[in-house]
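Below, chain A partners chain B and then partners chain C, in two separate complexes.
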Partner chain A sequence: MKTDLSPRMTVALYGLMCVLLIPFVFPTWWMVTSSVKPISDIFAFPPDLWPRRFDFSTYAQVFELQPFARQYWNSAYIAAVVTAGTMAVSSMAGYAFARIRFPFSNAIFMVVLLGLLIPSEVTIVPLFQMFLKWGMINTHWPLILVPIFGAPSVFATFVMRQFFIALPVELEEAARVDGLGRFKIFWTIALPLARPALGAVAIFTFLHSWNLYLEPIVFLSSTQMFTLPQALTQFTDAYGGAMWNIQLAAATMTAIPVLLVFIVAQKQFVEGLAHTGLKG
Partner chain B sequence: MSSPKPAFWTVARRDAVAGYVFIAPQLAGIVTFVLVPLGLVFWYSLHEWNVLAATFSYVGAANYQMLLADPNLPSVLLASAIFSAGLVVLNMSLALLLAVLLDQKLRGMVVFRTLFFSPVVVSLVAWTIVWSFLLQNNGGINGMLAMLGIEGPNWLRTPTTAMISVIVVQVFKNVGLNMVLFLAALQGVPKELYEAARVDGAGRFKQFRRITLPLISPTILLTSIITIVGSLQVFAQIAVLTQGGPGMSTTVLVYYLYQQAFQFHFFGYGSTLSILLFVIVATLTFVQWQLRKRIVFHEN
Partner chain C sequence: MAPVTLKAVAKSYGSTQVLHGIDIAIADGEFVVLVGPSGCGKSTLLRMIAGLETVTGGAIEIGGRVVNDLEPKDRDIAMVFQNYALYPHMTVATNMGFSLEHRGASKAEIAERVRWAAGILGLTHLLERYPKQLSGGQRQRVAMGRAIVRNPQVFLFDEPLSNLDAKLRVVMRGEIKGLHQRLGVTTVYVTHDQVEAMTMADRIVVMNGGRVEQIGAPLELYDRPANLFVAGFIGSPAMNIIGGTITEGGFEAAGITLPLPAGVTARGRASYGIRPEHLAMAGDGLAATVTLVEPMGSETQVSMTLGEEAIVGVFRERLSARPGETIRVRPDPAAIHLFDAESGARIG
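Up next is the complex of A and B:
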């Protein structure tokens, strides 16, 4: 807003922001440092901001206690497939709703938007029964099919539609005069221009799939099939007590790669999300 | 080119076919995974469903009568209301504060923005587990408080602080999302308006109230809808931090639904709770959408 802040005001602002940062940054710091503390130091008083002794064996134990590599792969490939699938389904539907005239398109769009009103928590009971009937319980199908085609993809379709509506139509008109078919126009002209919107869709779809928790615990029952969020809660001793340092090592391995990608690409991340279809 | 009757395949007809082909996957998905299940959940809610005995019998409105008589319902609705209200108020005000701070032209703002946003990309369950660790009775937070000579409560085992903890953990996780949306909206406010207001002698607070807030009101409305609907879906945080406890103090509607349907296998009653959740989400969205006309300054 202003460029004319007094030096005292500037210092005050920096100070305020540093204090506000603590609850955002400290948990991640505490997760990483505690994951390499021996269990005896984990609740030490006073708390150690830097481990006084290191125990890296926690990371090996993560893989001994759970099929963690397999679970990591499950989460990663499901999120990748869901992201790619959602991008395809939502960009095509969004393009059609924005650009192509066909009978009942508005009515159909309203029906699709209903998906925004019906969170998957509402339909989890019948979805469970449907997938049970189809023999897909304890498979990854529910975690792939529902996000790509069901309610979670509606928001992506909405974002893509908003983007295509705002895109100037002239380029496509020229191609139409040249006799290019709809799919050609979509694929070679519209879609490449939609990269910022697709990027935003990819980011929030990936995070949504990566964070899914209710669906995996409802649909999956064997540890081999588990996804990461579900696996993270399984590091308990025979009495159900949490094995904190091992659990935090697993949490660190889950969180840090995505965090690093984010830090490298933060500009695209933040601006892509902020400037896509969500502004008023 | 492959069309047998060129006269029949006009551009408009071709387009119509293309349109249906383009939307077919999405529409089929909505019908299969949203509309049919919504019909089914209503159908189930009219039945008594015993999974162990494999019986499924029509009972009319009995589940709804059971819902109204459910002694747990007031507590569940209250917990949901407290959680949603607390979350939305805290999230929106903190997001606005952070956005205003980040909007100042100072060096290093990108670093601050990145750090405030970072919890959004941390795996939800990982984030919740760390907080669960921090909030243990002998955990990091009480350790720090003890160094200051304060004896902290047993956060997750005391009803009031358990609810506060669940709200706060969720706010810090996701406030960055609303923050960047607000920041984008703030940056869209024309600078001349502030200049003009300053010439007229309006102070900063007045400028904020009279110019900034009205101009970013569409964003505030949209984010509040997303945040409220999101708050009603909270599940993982409750499951990891408190399992709905202590007592039922943090058992919100989705968690109660999960317990009834998937832990106790009352699928009929669980479906009735799903219908209740649907009615609440739909009503809130509808009301907010109607409010748009009254409180939102302008729309394009």
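Up next is the complex of A and C:
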């Protein structure tokens, strides 16, 4: 809906939006600028919005204090595998729940959805016991398997199901008449059309995996295996105090992929959720 | 091309029976239209022929082979859907060649068949476009192109013109009929529009409540409807139906006596049917009070009250009568239909 506003009203509206922007932009601004400030300048009063001195050595120190490149790789490949796995599982499960008639399908879907109601803190101890038994502690398997088959995938399945339900059933019937079987219909008709929903699933799954904190600190114990959120907590001095500028340099590098994902794919993300009927 | 035979075909969903033993024999190359009101089971029957619905009872034969348990792809049929069901992510050419691709045809063969179909339907310049870039009529043509490209034995159309505007519907009606005349493929066409049925069909199957009311050529149904339902359904405006009694002196209805055709021997309660165009203005006719005059240019449609019955007449002449005025009309005795009051079956 387009509304014509008077110039004065427009200025007032933009002013209000600028004020509202501050709580969202300030933490990022503070993180990035503090990462290149000497530690003594970070807590100077009054605070400097623009660094008086630039100290980029903090970025080098991040890699000296931790195997940060390795940890970066750990986070990246785990997020990539989890994203691909979740897209595969959720698209197939969502399609099955939306399109294939089988006994108790709705009841089973409800049971699956119940998984969303259980906080991950509740299941973390039994999961630890299970992976310990399987010899997978201090490996990346729990960080891959739990999201793909756990609550994040349930949400993704829900999103995909909603999308597939909205897809005209005649398309599949036309494909049946054209000679396709169930899997080919899924693969050549339903899945290509589900790209907006799949995009949304990919984005939030990637971000969820990238930001995962509780599971890594429970399942991983060696710094070589750490993922980024866990590694960020390790930039401390001998007394356990935070090395603020180095930690914020590491945090800045950690946030870059997330920002990139949002900048590149925000349209896809919004469209995908709109297609699934999840918009507010 | 192949004949299609339905033998006592039945369909039920749980305890609800929607088709009650349908028997239809469709000849090779025939254009048959299934017509009836919403919920009469015509689309369900078409989908059963296509293999998109299971058959609860009876047998469906295509080309002499029972296909009840065959997948749609194994029935050698092609279907055009109401909403066209074009694959949005594929170009027109890919949409049309898709079925051939999945049947193992070579690229050269697919390209040739698609070119042939596109040529027939005037789609050659649109082959690289996507469905969203096409108008309603063009989409409809692509849907037909997808159907004809692999030369099936039977075409199935499920209300294919419902989404088009009135003008385009008339154009596409002609194109579908022309396509059938050119290709000669057995065609089963579902519509709720009796004008479509009348203008396109070799034979019409009128359905109601999961049963066949009558099968026949369009004019046969129009001239000799087998029962009250067909009489009321076929023809626009609908046939006037008046309840009353057949007596020696004529047909006694509330407040009037209507003439009967010669040779009527039946007596007692009945329904009297007369089509609007079979009423003529006549000075010695029955007095009717005009309630509404609708000039159409080529004819004039007049709603009126005859005795206590509301009826409609269509006259070639232009009338100056106004609502409330009295005109005199006379039914053509040769065009009177009589139906049994209880069963609704034709008795004369």
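The rule is simple: the second predicted complex is superposed on the first by the 265 of 280 C-alpha atoms of A that agree within 3 Å, B and C clash if a C-alpha of one lies under 4 Å from a C-alpha of the other, contacts with A are read in each partner's own complex, and residues count from 1 in each chain.
The working rule: contacts are C-beta pairs under 8 Å (C-beta built on N, C-alpha and C of every residue); 3 or more make two chains touch, one makes a residue touch a chain.
What you are looking at is a predicted structure, and each value in this text was computed from that prediction instead of being measured.
**Student:** Mind checking the superposed model to see whether chain B and chain C fit together on chain A or clash?
**Tutor:** fit
**Student:** How wide is the angle at the Cα centre of chain A, looking out to the Cα centres of chain B and chain C, in steps of 10 degrees?
**Tutor:** The C-alpha centres give an angle of about 90 degrees at chain A.
**Student:** Between chain B (first) and chain C (second), which, if any, makes contact with A:Val258: first, second, both or neither?
**Tutor:** In the superposition, A:Val258 contacts chain B only.
**Student:** Check the residue A:Leu193 against both partner chains and state whether it touches chain B (first), chain C (second), both, or neither.
**Tutor:** A:Leu193 sits against chain C, while chain B stays out of touch.
**Student:** Looking at the overlay, does A:Pro168 come into contact with chain B only (first), chain C only (second), both, or neither?
**Tutor:** Second partner only, chain C.
**Student:** Just chain B (first), just chain C (second), both, or neither: which does A:Val270 touch?
**Tutor:** The first partner, chain B, only.
**Student:** Give the label of whichever partner, chain B or chain C, reaches more residues of chain A.
**Tutor:** When the residues of chain A touched by each partner are counted, B comes out ahead.
**Student:** So in the superposed three-chain picture, is A:Leu180 touching just chain B, just chain C, both, or none of them (first/second/both/neither)?
**Tutor:** After superposing on A, A:Leu180 lies in contact with chain C but is clear of chain B.
**Student:** Between chain B and chain C, once the two complexes are placed on the common chain, what is the minimum CA to CA distance in Å?
**Tutor:** It comes out at 7 Å between the closest C-alpha atoms.
**Student:** Can you check the complex and tell me which residues of chain A touch chain C?
**Tutor:** It is residues 168, 170-171, 173-180, 184, 189, 192-193 of chain A that touch chain C.
**Student:** Can you check the complex and tell me which residues of chain C touch chain A?
**Tutor:** Those residues of chain C that touch chain A are 50-52, 71-73, 77-79, 81-83, 85-89, 98-99, 102-103, 146.
**Student:** What part of chain A is in contact with chain B in the complex they form?
**Tutor:** Answer in residue numbers: 1-3, 5, 10, 13-14, 16-17, 20-21, 23-25, 27-28, 30-31, 34, 43, 45-47, 88-90, 92-93, 95-97, 100-103, 105, 108, 111-112, 114-119, 121-130, 145-146, 148-151, 153-154, 157, 181-183, 186, 207, 210-211, 213-214, 217-218, 228-230, 232-233, 242, 244, 247-248, 251-252, 254-255, 258-259, 261-263, 266-267, 269-271, 273-275, 278-280.
**Student:** Which residues, counting only chain B, touch chain A once they are in their complex?
**Tutor:** 12, 14-20, 22-23, 25-30, 32-38, 40-41, 44, 98, 100-101, 103-106, 110, 112-127, 129-134, 136, 138-140, 143-144, 146-147, 168, 172, 176-177, 180-181, 183-186, 188, 194, 218-219, 222-223, 229, 232-233, 235-236, 239-240, 254, 257-258, 261-262, 267, 270-271, 274-275, 277-278, 281-282, 285, 299-300
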